[in-house]
């Protein structure tokens, strides 16, 4: 479980689409962190998917899902 | 099947996006629990995906899907 | 193909989010059953994914998708 | 490519949610058929995923996605 | 990258749901082509997933996602 | 993490659906790049999924998800 005391997500609003994409990346990482909170283990696993074609594509897929949410929250920055 | 007597989901409303993310994590876990209700088996499987790069990314993907639902239910906390 | 005579889905409306989640579980199982209607084979496969980390996460993913549909159908129980 | 002369999808409207679920199953199968139009090969592959836990869950996932579309098209049968 | 000079996608509008499904198939193939533009290699890979149960289901999944987009663009042909 | 100084995403608006599809391809690649920023490693991995049937289908899936976002942002170019 994520540390419930630390505030890391106050709003889904961002100034630009690019900042929204960065937020989507952060949400994807917090999803991973909620399952494996141990930073040392996470660091040790990183090379495994960062050097693996399917691992990278799957990571991009999670970001795409979270970017859908952030984009809707910002009314697509219209 | 989940224990239908225990009430664990009264509302999709949360005060903040971060609490919404926590709810998305809970929904993802209840999805797993509905298929494997035995807590001991679940605990024994945990190291398997919590130490596996693709397992962690897939877990993050389920959370992303549930966070889409919770975010829409909260009108993106606008 | 599912038995078209048996009525199992009259409405997507439920009283509470928790009942909606139960319906999402049912829809996920009916999706499986439509591909493999043989109950004995289904039972024999159950231990295989119920004791497999990735199998459980994927099952939770299907439930998350169906819960999106049920939640929208209930206007997120607002 | 699907045979463009045969009409198999006139409308996304159905009378009931259950018929909508049947249509979602059909769309999922037509997606498979568009990639592999050879019925004999399709039949020969069927036991492979119909007896495989992950194959069945993935099939249910495709149905869930198509059921989202059909449900929206029917305004969730409200 | 796709050849940016060739115009292949003028509109998401189609006359019927079936034509919309055909467009979803085309979008799925253009997604593949954007990663592997070499037609000869694509042809050589085709038997690999067209004769593989999981490969076919995954192909159907991509079509389902694109059909969601095309259906929304056509207001579900209401 | 992506280089936050370089501006690469000013808007989700595009003139045509085809340009929107190109943007979806770009978003998918930036998702990969955020996990593996090293261009040399990315280039070395490319043949691996560009010549792999499942890798190509998964890449097309990420593009489909991002195309959903871009299409909504452009009101489906209606």
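Here are some notes:
So that you can tell them apart, the chains are marked A, B, C, D, E and F in the order they are listed, and the count of residues begins at 1 in each.
As a working rule, a residue touches a chain if its C-beta (ideal position, glycine included) is under 8 Å from a C-beta of that chain, and two chains touch if they have at least 3 such contacts.
Here the structure is a predicted model, which means the values were calculated and not measured.
Between chain A and chain F, the least number of touch steps comes to 1. Contact with chain A and chain D alike is made by no chain in this entry. Where the sister copies chain D and chain E meet, the same residue numbers recur on both sides for under half of the interface positions. One inter-chain figure worth recording: chain A and chain B are separated by 16 Å, centre to centre, where each centre is the mean of the chain's CA atoms. Measuring from the averaged C-alpha position of chain C to that of chain E gives a distance of 27 Å. Multi-chain contact residues of chain E (touching two or more other chains) are listed as 49, 52, 54, 58-59, 61, 65, 68, 72. Viewed as a contact network, the protein chains form a single closed ring in which every chain touches exactly two others. Every residue of chain E that touches chain F in the complex is listed here, in rising order: 1-2, 4, 7-12, 27-32, 34-36, 41, 45-46, 48-49, 52, 54-55, 58-59, 61-62, 65-66, 68-69, 72-73. Partner chain F is touched in their complex by these residues of chain A: 16-18, 21-22, 25, 49-54, 56-61, 63-65, 67-68, 71-72, 76-78.
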